[in-house]
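The letters A, B, C, D and E name the chains in turn, as written, and every chain counts its residues from 1.
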Amino acid sequence: APLHLSVAASMTNAVEELVALYQQQHPDSPIRPNFASSGALAKQIAQGAPADLFISANPRWMQYLLDEELIAPETVTIVAGNRLVVVGEGAPLTALSDLAPLSRIAIASPKSAPAGRYAQQALEAAGIWKTLVSRMVMAKDVRQALAYTDRGEVAAAFVYKTDALLATQAKIILDVPQSLYPPVQYPMALTLRGARRPEGVAFYAFLQSAAAQEVLARCGFSAAATP
Amino acid sequence: MKLDVDLEKRFGSFHWSAGFSVEGERVGVFGPSGSGKSTLMHMLAGLLKPDSGSIYLDGEPLFDVGRRVNLSPQKRRIGVVFQQAHLFPHLGVERNLLFGYNRLPKEERKVDPAALVPVLGLEPLMGRSVTTLSGGERQRVALGRTLLSSPRLILMDEPLTGLDAERKYQIIPYLKKVFAEFGIPLLFISHSLNEMRLMTEQVLELTQGKLSAQISADALALRRMGSTPDGFTNLMELRAPQVNDGLASCRWGEQEVILSGVNDPTAGMYALSSKDITLFKRHPEATSARNLFRCKVVRLFAAGRRTGVELDCQGQRLVSQVVADAARDLELVAGGDVVAVIKASAFRRLY
Amino acid sequence: MFEFSPSDWQAMLLSLQVALSATALSLPFGFFAAYLLVFTRLPGKALFDGIVNLPLVLPPVVVGYLLLLLLGNRGPLGGWLSAMGIQIIFTWKAAVIASMVVGFPLLVRSIRLGMESIDEKLIQAASTLGAPWYDTLMTVILPLSGRALLAGATLMFARSLGEFGATIIIAGNIPGVTQTIPLAIYDYTSTPGGDRMALGLCAVSVTLALAVLLFNEGVINRIRKRGER
Amino acid sequence: MKLDVDLEKRFGSFHWSAGFSVEGERVGVFGPSGSGKSTLMHMLAGLLKPDSGSIYLDGEPLFDVGRRVNLSPQKRRIGVVFQQAHLFPHLGVERNLLFGYNRLPKEERKVDPAALVPVLGLEPLMGRSVTTLSGGERQRVALGRTLLSSPRLILMDEPLTGLDAERKYQIIPYLKKVFAEFGIPLLFISHSLNEMRLMTEQVLELTQGKLSAQISADALALRRMGSTPDGFTNLMELRAPQVNDGLASCRWGEQEVILSGVNDPTAGMYALSSKDITLFKRHPEATSARNLFRCKVVRLFAAGRRTGVELDCQGQRLVSQVVADAARDLELVAGGDVVAVIKASAFRRLY
Amino acid sequence: MFEFSPSDWQAMLLSLQVALSATALSLPFGFFAAYLLVFTRLPGKALFDGIVNLPLVLPPVVVGYLLLLLLGNRGPLGGWLSAMGIQIIFTWKAAVIASMVVGFPLLVRSIRLGMESIDEKLIQAASTLGAPWYDTLMTVILPLSGRALLAGATLMFARSLGEFGATIIIAGNIPGVTQTIPLAIYDYTSTPGGDRMALGLCAVSVTLALAVLLFNEGVINRIRKRGER
C-alpha cells in the first residue's frame, strides 16, 4: 500500500520536491501526499482517513490529534521552522512602528491562521495593535494576504518568509524581530498506523535527514528548532 | 349502459347539483356555454373530484362519498375526447393514436387502427409530429386516440367542431357503427342539435348546473324550433336511389322523393328543414316544386311566434312550420288533410 | 501554450470522470425527488424540500465536513461500508459523492421547474387512456421534462467541474488519485510562478464546461425545431 | 379593404402557394381541414413568415420579399381571433378583454366595452380568472379581446365554434353592426356554410394550399346552385316595417312583403334563397305561403342540373331555381308570366 | 443552546443583508439576460451564454481572484471607481458582488427554464393586440415567468448565504465588516474545538434558507391554487 502523507498546504512546494527526491532512492515505495489546511487534515485523520504521516503548520492541530489518540506520541517532532516578515512595495522599514502611517495592512485572520495570531502577538508586543486594528484586512490565510500586497490592494502584509518567495511584485520590507512572537514551528508525527509501517518510519527518518533539511532550507524554511 | 349520477360540486359562484339516471347506449348532454357539461364529464371520468354524491356505472360504484369509493381514472376505463385535443406533444401522430391501444391486452382491443385511420382521414399525417397539425387535424387525432383505447364508456366533448361538413358526415355513421358493433356506450356533448339528433337517443339538458330536461333528441329539437332561424330539421332515411334525366329519385317509406343538388345520390340520411315545406289546402296545379305529398295533420304546436305542424305522410312523420296567419287561412286542424310541397333542391344529404 | 504536467492531465481526466459520473448518477435520483415534490402530497414535503436544498445553503467546506462525519471510517455509514471492504474516503468515489451532494439541489430545482410547466391535462389524458402513474411518469412526464433534465444535468456537470470545498475534505487533494482541476489549481497557487499554470487549468475547465453547454443548447434547439409552428 | 396577396410557404409536404386580390369588407375563407386557412391567417397577421411573395393591404405593403418589407404584427394592427382562445392565464377576464383596448390612444377606441360585454354574455364572468372558464366562455372572451383592440382588419379563425345556437345568432348581427359601423374589415374562416353566408360577401375557397375559387357571394351562390342545396341568395332591401298580429310586413320596392321569424323587424338588408321561391303558372288558391308575386321571366340559364330563372317583379330582380322538368311543365320562356310564392319564414335578416 | 458572540450576530445580520441585496440586485439583470438568451437571435449568443455560466464552472476562489483583478484598486474597473471615490473591495459591497456573480448563472438558468415554457402563442396574441416587444416583456413574459423568477431568487438567496470562496477574497474576512456566516464558520472550524459554534452558525444559515424556501413554496402554491381546474 502506498504511504499516505497529510501535509499542511504551506509546505506543498517543499514536500513535492522531497517526495520526488525520495522516490529516486526508493522507486518501489509509492507515496501519496495530501495537501490541505492543517485543520482539514486533522479532521480527516480524526474521522479515519488513511494517513501515515502528518505535518501540521500549527502545533494546536497536532495536539488535537494527540488528544484523539491517533498519533504515536513519541514521534512528534519539529520538522521545520518559519519566520514572520512584512512584505510591501515601498522602501524597507526599520521597525514595526513604521507601519503606523500605512493605509491598509493585511494579515491572515488571527482566529483561523497561526500566522495571523503571530502577527497580532508581534504587533501587540510592539504596542501598535490598537492603532492599526481598524486598518487591518483579515485574509483567509497567508497566501491571500500576500496576493493583496502583490496586487497593491494593501500597503503591507504579514506573511511567512516561505510565502514571500512566491510574491511577484512585493518584496520583504521588514523581518519581524523573533523576540516579538513565539517561534513558528511545523510539527511532524507518524500516526499510529504509520508508526507500524517500516516505509513510514523510513520516510519519517528521511525528512529529518540533512538532504531533506537542505531542500527545506532552499524553500525558505528555517532549521528545525527543537521545541 | 346504465348510469346513475347524483353529484354536488361548487366552484365559486357556479354550483353543479344534479342527479339523473339514464339507460341507453347513446346519451347526449346539451346546454348553453357554462352550464356544466364539461364539469359533468370531468367528474364522470374521475378527473375532477365532486364535493359529494355518487356515480354508478352499470351498478358498479365509480365514486361514492358514503362508501368512500373513488376509482382512479385509469381504473374507471372511461375514454374522454376533450374539448381541446390535448395531444402528447412529444409523440408523433401514430404514437398518439396508439397510446391507449398499446396499453390494452390484445383481446380487449376492439377497434382496428387500420380501419379507423382512413375514416378519420389521417393517412397523410401518419409520419407527422402533432405540434404542427391544423385545428381539425388535431381534433381527429384526439378522437382516434380515444376510440382506439376501447374504453367501456366514451365521453365526447364537442368532438366534431372544427371539422368540415363533408368529413363530419363521413365520421358520424362510422362512429355509430363502431359504437354499435362493439357495444361501447357514448356520452356526447354538443351545441349542434343536428349532431345531437344523429348521434344520440336521449338528451340530458343542463341549465346552470341543474338538470332542466331529460328527453329524446327529437323532442328537444321540436322544443327549440321557435328560437332559432333554422327551424326543425326533418331527418329522412332515403333508399333505392335512381337517376332519371339528371334528377334523382329515392324511396321514402312508401313514397317517392325527387331530389336534386346531390351529385351522386346514394341511400342514406337526408336533412329537410321545416321551413322548406310549404303547405297547400288543395293540390296546386303546375308548380316548380317536384314533391307533393298528401298528408294528415297530426297535431299543431306553438314554436315561438310560429306554429309547428306535425304531419303524417302515409306513415312517415314530417314537421313543417307556418306563421299563425297561415294556420288560420289553411284551416289547419289535427286530423285535417293538407298537401306538403317540397322543392327537389331542399334536401341535404348528411350521410 | 501551456505545458501541462502528467499530474495535470490526470487531474483533467479525473475531473471529467467525476463530473460525468456525478451527473449520470444524480439524474435518476434528481428526477425522482422532483417528481415527489411536484406531483405527490407527502406529509413531510416541506422538510424533504429543505433537506434537498441544504447543500446549497451551507458552504461546501461544511458540507464536506458533514459528509466526512457520515462517510468516515468512524461514521455510521462509512463504518458499515468499510466493514464490507468498501473504502470511500480519499478515493475518487468520494469526489463523485461530494459533487453529487453539492450539485443535487441545482438539479432538482431545474427538473422541478420543467415538471411544473407540464400541462396537467396531458397527465389526465394519459390516465384516461389507461396508463397507471408509473407509466405516465415514464412515457409522459419524463420526456416532457427532457429540456429541464438536460438543463439540470448541464448545471450539475458545470458545478461538478468547479467543486472544491467539499471535495478537498472527503476526497483529499492527492495528485493522480483525487486531485481534480480545482484542487490542482489550488496547489499551483502555492507554488512560485504557478499562477500561469493555474490559469491554464482554468481555461481547460471553462472549455470543458462550454462544450457541454453548447451541446446542451444544440440539443434544445433541435427539440425546439421539431415543435416549430 | 383591398387585400393583394401572393405568397409561397412550404411545410414539409404541405405547400401553400396562392395569390389573390380581394376588395370588400367581409371576406370568407372556406376549405376542408388542412387546406391552409390558418396558415393564410398567420401569414397575414405577421405571425408566420412566408417563404416569398407579398401582402398589400389597401396598397400598403405589409410584407414584400422584393422590397424587403416585413412589418411586425403590432405594426400591422391586424386583430386575430385564434382557433384556440390563447387567453393570458395570468390576467383576469376583464384585463384580458381590455388588453388591446388599453393600449389604444383614446381616439382610436371604436368599440365600447360596456356595449360589447352583454352581447357576448360576459357579465357574470367579469371578476373571474380565465383559467377556470368553460370552452365557450374562453372563446367569447377571446372574441371580445380582439374586437376591443379596434384593429384595421380582423381575422377570425372559427370564432363561433363552441357557442350555442342562441348565443351565436345573437352575436352575429352585433358583429356585423360593429364592423359596418366602424368600418373594420373582416376575414372570416369557418366550416359552417351557414355562418359563412351570414358573415361574408365574398369567399376565397382553398384546396390543399391553392386557391380553388374566388367569387363574390352572389357568384358563389350561382355556382353552387347546381351542386349544393344552398341555392342563390337574393338580397332584398326592405323598408318601413310594420307589425300586425305578430306578423311583420315591409315595403319591397312597390310591393309588400310578409315576413316572420324576425323578432323585431327593422328596415335593412334581407336574404332570400332561390330555393325558397316556388313558381306557379297560375295563382294557387289557399296556401301556407304568405307572399305571392306576379312576375315576368327575364331569362333562363343553366345552373348545374337545374335551371336558373331570373324574374322581374315590378322592377325588382329575383332569382329562382327550378328543376329542368318543372321548367317544361310551367312552360317557362323569357317574357312569360309566372307567380312566385314565398313563405314568410324564408327571409333572413342580414343587417 | 448556542451562545453567539456579538461578532456572530453581526455575521448573521450581514449575511442576511448581503444575500437580500445580491438577490434583489441580480433579479433585473438575470431577467434581462434570460430574455436575451431565450427570445432574441443575437449573433454572439453562445458566447454570452458561456460568459454567464462561467462563474458556475470555476471554483469560487478563482472567481474571487478574477474579481479582484477587475475590481482591485489597480484593476480597470476598480481604478476608475476608486478615482470616483467609490471603494468596493474589503467592504460589504464586495460581498454582495461576489454573491451576485457566483449566483448569477443559477438565477439565469431558472428564469430561462420558465421563459422557455411560455406558450409562444400568447406572445403572438399580445403582439397582434398591439403590444410592442417591451410591453409584451413586462406584461406577459414577466408575470408568466413569475414562478421561475421566484425559484431563481430563492436559489440565489440560498447560494448567497453559503457563498464563501469568492467573498473571502474580494471582501476579506473582517469581523463586523465583511464577515458573513460562512466566513465565521471558517474561522470556527479552523480552531480546534470550534466545531460546536460552527454547527450553531450552520443551523442559523439553514433556518434562514428554509424560511425563504417555505415562503417560496407558499407563494407558488397560492399561484397554483389560482389556476386550479
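Methods note: a contact is a pair of C-beta atoms (placed from the backbone, for glycine too) under 8 Å apart; a residue touches a chain by one contact, two chains touch by 3 or more.
Model, not experiment: these values are computed from the prediction.
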Touching both subunit B and subunit E we find C, D
Steps in the shortest chain-to-chain touch route ending at subunit E and beginning at subunit D: 1
Minimal path length between subunit B and subunit C through chains that touch? 1
Maximum distance between Cα centroids and subunit D occurs for chain A
CA centre of subunit C versus CA centre of subunit D: separation in Å? 60
Mind checking the centre-to-centre distance between subunit B and subunit D? Centres are C-alpha means, answer in whole Å. 26
Cα centre of subunit A to Cα centre of subunit B, whole Å, reads 90
Please report how many Å separate the Cα centroid of subunit A from that of subunit E, as a whole number. 35
What parts of subunit B, by residue number, touch at least two of the other chains? 84, 132
For subunit A, residues contacting two or more additional chains: 43
Within subunit C, the set of residues that touch 2 or more other chains is 61, 65, 186, 229
Listing of all chain pairs that touch each other, if any do: A-C, A-E, B-C, B-D, C-E, D-E
With touch defined as at the start, can you tell me which subunit C residues reach subunit B in the complex? 119, 121-122, 124-132, 135, 140, 143-144, 146, 226-229
With touch defined as at the start, can you tell me which subunit A residues reach subunit E in the complex? 37, 39, 42-43, 60-61, 63-64, 104, 106, 109, 111-113, 136-140, 144, 147, 151-153
Sort out for me which residues of subunit E touch subunit C in the complex. 46, 49-50, 53-54, 56-62, 105-106, 109-110, 112-114, 116-117, 120, 147-148, 151, 155, 158-159, 161-165, 182, 185-186, 189, 198, 202, 205-206, 208-210, 213-214, 217, 220, 229
Given the complex, residues on subunit D that touch subunit B span 11-13, 31-34, 37-38, 83-84, 121, 124, 128, 132, 134-137, 140, 157-158, 161-167, 169, 191-194, 226-229, 231, 245-247, 258, 260-261, 263, 275-276, 278-282, 284-290, 304-306, 320-327, 329-330, 341, 343-346, 348
Of all residues in subunit E, those that touch subunit A in their complex: 65, 68-69, 72-74, 89-90, 168-169, 172-175, 179, 186-193
